[in-house]
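Pasting the structures in now, so scroll down.
Here chain A shows up in two complexes: once beside chain B, once beside chain C.
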Partner chain A sequence: MRFIFKTSYDRDIDLFEDGWHRARIAALLAVLVALPFLLGEYYLAEATNLLIWSLAGMGLMLLVGHSGQVSLGHAAFLAIGAYTDAALMHCGLPWPVAFAAAGLVSGLFGALVAIPAIRMSGIYLAIATLALFVLVEEAVILAEPITGGIGGIMAPPIQLFGISFERYGALANFYWLCLGVVAAVTLAYANLLRSPTGRAFMAVRDSEVSARALGINVARTKTLAFGLSCAATGLAGSLMGHFLGFFNYEAFSIFISINLLLVVTIGGLGFIQGAFLGAILIAAVPQVLSILRDVSGIDTSGYPGLETVVFAAILIGFIIYEPMGLYGRWLKIRTFFDLFPLCRRDMFRRQKSYLKTERMR
Partner chain B sequence: MALLEVRDLAIAFGGLKAVDGVSFSVEKGEVFAIIGPNGAGKSTIFNLISRFYDPSAGSIRFEGREITGLAAHEIAPLGIARTFQNIELFDHSTVLQNLLMGRHAHRRTSWIEDLLFLPRVRREERLHRRRVEEVIEFLELEAHRNKLIAGLPYGVRKVVEIGRALATGPKLLLLDEPASGLSVEETQDVAFWIEDMQKDMGLTILMVEHDMNLVARVSNRVLAVANGRPLAMGTPAEVQGHPAVIEAYLGTAAVSKVSA
Partner chain C sequence: MELVQLLLGGIANGCIYGLIALGFVLIYKASEGVNFAQGDMMMLGAFVTLGFVNADRMDLPFLPGVALACLVMGCVGYGIDRFLVRGVFGQPQFAMVILTIALGFALRFVAGTIWGYSPLVLETPLAGVNLELAAGLAVSAADAATIVTTVVLTVLLWAFFARTRLGLAIQAASQNQLAAYYMGIPVKFVNSLVWALSGIVATVAGVLYAAKGAIDPNIGLLGIKAFAAAVIGGFGSLPGALAGGVIVGLIEATAQRYGPSGISQMAPYALMLLVLVFWPGGLFAQIRAKKV
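Here is the complex of A and B:
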């Protein structure tokens, strides 16, 4: 059993609860930085892809996990990020500017969309964001001069201070670039959650009535959550464009939206760590399947839907048995060992809520 | 000048006049109780003051200022805090986080500062924590500080909700049935807290409560309502003995017996 003594408010406000926690994060970062020296080309590309997915996952996590709104249209914001970045770089702007613009444009567009969307919730919001996705997809196809239409567009290689960050020529550099972006966004996300803005998001998620009574402007808060979520997703889209090198509208299909939703629900709604764990799982399923195929020697190429079936089975399993997701499961295991032997079976069982009859919407 | 002045307040839901011509004023430093049978319109009066509902007629003045034109989220910054009859806490957050959410009306940093966690954000956070710790100490919530609401017993949640309202640093506190569902001991605690909030913190309290012992013990004045209309106002003893009040209670008691 481990005790943490809090001797000042700062201990609670700080990002790391103690030196041990700080050391663990530092070790993780060190391993991630060293990864290009440890992995071959194929797995380093997988790791890069995973970072990009985690970034997009964090974007959606902020919306679904922390402000309680759902979106089936986040692939649209990936697309907006990717196309903004590529289009601006084709105009000759350097990558940092195009990258920032990708986040800004996606964020502003998201906030704009939020103004009508926040009046809805649940399934209605899901359908509205789905409609938005279709709209953006059509717009991408029609805006041929900018997006290349059906034919697609190339993401120009990234050059900074004479160093190449091209995905095919200099994968390690591109990986480090993605790692830097992901680390910065993670830090900003963690900052948000320990400050009034993040608390307002969670307040709106859990009880709009109470939030209003405490002086929280619900419409403004939801709009901000939408904007920030879409901005992070737009940044991920920009990196995804460079990762793909060449892409058209099909790279941002509805399945990407659904996969993102899987990432956040399987990973654990309401935890930053959940976005990473979810992305790892989503990336691992096809790998594990192909390894199993090689090992068992069973030819599954005749069953093209196998991956989807496995995804669906995992999702259903999680929703039934572990609604808190992978990270929730990990928390339970950790609490068990932290408190050993004092852990109670019903530690995480939710109390019955009493009388919600007076709830106002 | 009264702290809160309600005049000829009215609202109807469809054909039902839930509140119909209610007037009263709450003086600074007073504990004012509203009583009445179920469905009398007590919670609706609270929801009108919180600006969740728009009154069809009448005015609500706080510190002399008309508040019926404000939005619901503009009420807390004025210094009006409330609890809910059926507990509306943030279930997936800890007690501490819930109380910190109560500090929202006092936030001064923008979301950009929060994203970067600039030094000012930390300074503000320390201030919020200090205020919240005072509330935790006052309500003896230390043992529950880092527990999730979802796992807390009913009685503790009720106290956390009072704490969250206190954390907003209000001038006027609206308590909707603070003792409902509590044990005798817990109700005793609530009575002590209300007395302390009035005497030591100088708060003004407007309270809806069915427990007449509690009402008689802590309140300076009482308003009785039934079917949205005021019946009587005065000291707890005067109102309890008022013929119209006795009839309203006996009447509903008789009706509920018949229908049961």
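Here is the complex of A and C:
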């Protein structure tokens, strides 16, 4: 094992552990940039989808993983982002403006929602966001002039400086666009986490009472977390709208919310990497299932919803046996090899917290 | 007269929501977690009953069939707690939310695989019978049975929690697990028992729901509406759940009749958000905010 000798505070809070870490991230980025030359059309579309899902996952991760608030209604913010973007582009605004507006509108809406929501905790918040989701879905259906109602709406193709970023015509360009957005958001997210604001998020997550005692404005912190999370999700929604090309309210169903939750839980709550790992899993399971079906020759057409139940089974397995998710598992494996003979089984054991309620009856 | 008729239908629908909400409240009372699969347990209960009762299935008489279904669903509830929910014992509440959401999908798949995804009708002796209360005011037997059963069940459960040793033990376990454990209450067993109980309540709700129309594996989504009921009534309060259910049912019925289209879908949730904002603990609040 290796010790990193830190000689200054800046070194301590550096984004990267050491040069080797920096090099690995650079290599990963290089591979991602080169991906359109390596993959065929089909898999490149999958990769784009994966990037968009990771972006949405990062949005939810900020909320669930880093500030400890559960949202079951994030599909609503995806929808708000997608519809804002499409509606503004139909008004003739260029894409960057519409894209920024999508993030801004969903972020502001999220912050607005947060004002009542921060008074609730845990379950109540989860249910309130679920209700919010239903309300937004109905509102989308009712607001036909803007959203196209049940019929749906077309996301206009993106044109920048004469270059087409259309999803079907110029997929590689669209992929690079998504990659750029995802990379920028990831960088901002990683930086946020080492800023006082990010530390405040985590303090609020771990104990609201002690965070307040340390002088953190809990209400403001929670509202900010909600707003930022919804903004990131709105950006993802806008990209998702362009990726789908044509969408209606069904594209942002309750199952999308739950898939997002799946992304962050399976990926590993509280790790940015988790959002990506979870998105990879979400994208890979249908592929693996279809490959298995072809290889084994079993006819699964008699079992609609098989995919969902596989997701459900994976989720149950992770929640019970590996609550830290894929990234947590990777950390354990890495620690095992780092400390090789000295690793102990209980190193990662979590303190159990037993229920003590403030209910009166 | 029309309004009374409308309200009666609303109350009967609301009782179904109230019954599902009762299931939420039971589990909330015991472990302060919310069972997001409650709607799907109701769906499964209805299908199990259908499997016992319908002529083309096992063709048992109605009441024994329902009793048997309650027994089966009680075991299912017990098993869910014993083998799944106990695995997240002592973890944050969030874990149970996700676990039960996933469980809901699994139950839906199970029901869809066994009974198919097309709507089926449960054969009940209540079907097609109407009771004339006054001139021009009729109530279907299914609605009447729903209202009566719901009230009786709520009173029974309330008495169980308030008057029996086991009920007290359950409340103790829910207020402070560790302290209850030290006092000799078998906390884990008690939790499983509550899950079994909520499985039975879910079955009753499912049967009453099925008496009013066809069922398919997706009726479990009704559970979301029952959330509204439970939240409006205040989680953790049995009469509150019933009251919340009736309020949701009434609002839905009146909004459907007098409001513009689409409003009846939104009304229960809008009301729920309002309640959450102004009475965060629900109308029958039992939680006080922790002060620093």
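One rule holds for everything that comes next: the second predicted complex is superposed on the first by the 350 of 361 C-alpha atoms of A that agree within 3 Å, B and C clash if a C-alpha of one lies under 4 Å from a C-alpha of the other, contacts with A are read in each partner's own complex, and residues count from 1 in each chain.
Simple rule for what comes next: a contact is a pair of C-beta atoms (placed from the backbone, for glycine too) under 8 Å apart; a residue touches a chain by one contact, two chains touch by 3 or more.
All of these numbers come straight from a predicted model, not from anything done at the bench.
Within the superposed three-chain model, A:142 lies in touch with chain C and out of touch with chain B [touch as defined at top].
Touch criterion met: A:214 reaches chain B, while chain C stays clear of it. Judged by the touch definition given at the top, the superposed model places A:270 against chain B, while chain C stays out of reach. By the touch criterion stated above, A:206 is placed in contact with chain B alone, chain C being left untouched. Residue contacts after overlaying the shared chain place A:12 against chain B, while chain C stays out of touching range.
Touch criterion met: A:126 reaches chain C, while chain B stays clear of it. With both structures placed on the common chain, the touch criterion links A:39 to neither chain B nor chain C. Within the superposed three-chain model, A:198 lies in touch with chain B and out of touch with chain C [touch as defined at top].
Shared interface residues of chain A (contacting chain B in one complex, chain C in the other): 209, 212-213, 350, 353-360. Taken in their complex, chain B has these residues touching chain A: 43, 47, 50, 52, 71-77, 81-82, 84-93, 96-97, 100-105, 107, 109, 111, 114-117, 121-122, 124-126, 129-130, 150-154, 164, 168, 181. Residue ranges of chain A in contact with chain B, taken from their complex: 9-10, 12-13, 188, 191-192, 194-200, 202-203, 205-207, 209-218, 224, 228, 270, 347-351, 353-360.
Residues of chain C touching chain A in their complex: 28, 31-34, 84, 87-95, 97-99, 101-103, 105-106, 108-109, 112-113, 117, 171, 174-178, 224, 227-228, 231, 235-237, 262, 265-266, 269-270, 272-273, 276-277, 280, 286-288, 290, 292. On the chain A side of its complex with chain C, the touching residues are 64, 70, 72, 116, 119-120, 122-124, 126-128, 130-132, 134-135, 138-139, 141-142, 209, 212-213, 258, 261, 265, 303-306, 308-309, 311-313, 315-316, 319-321, 323, 350, 352-361.
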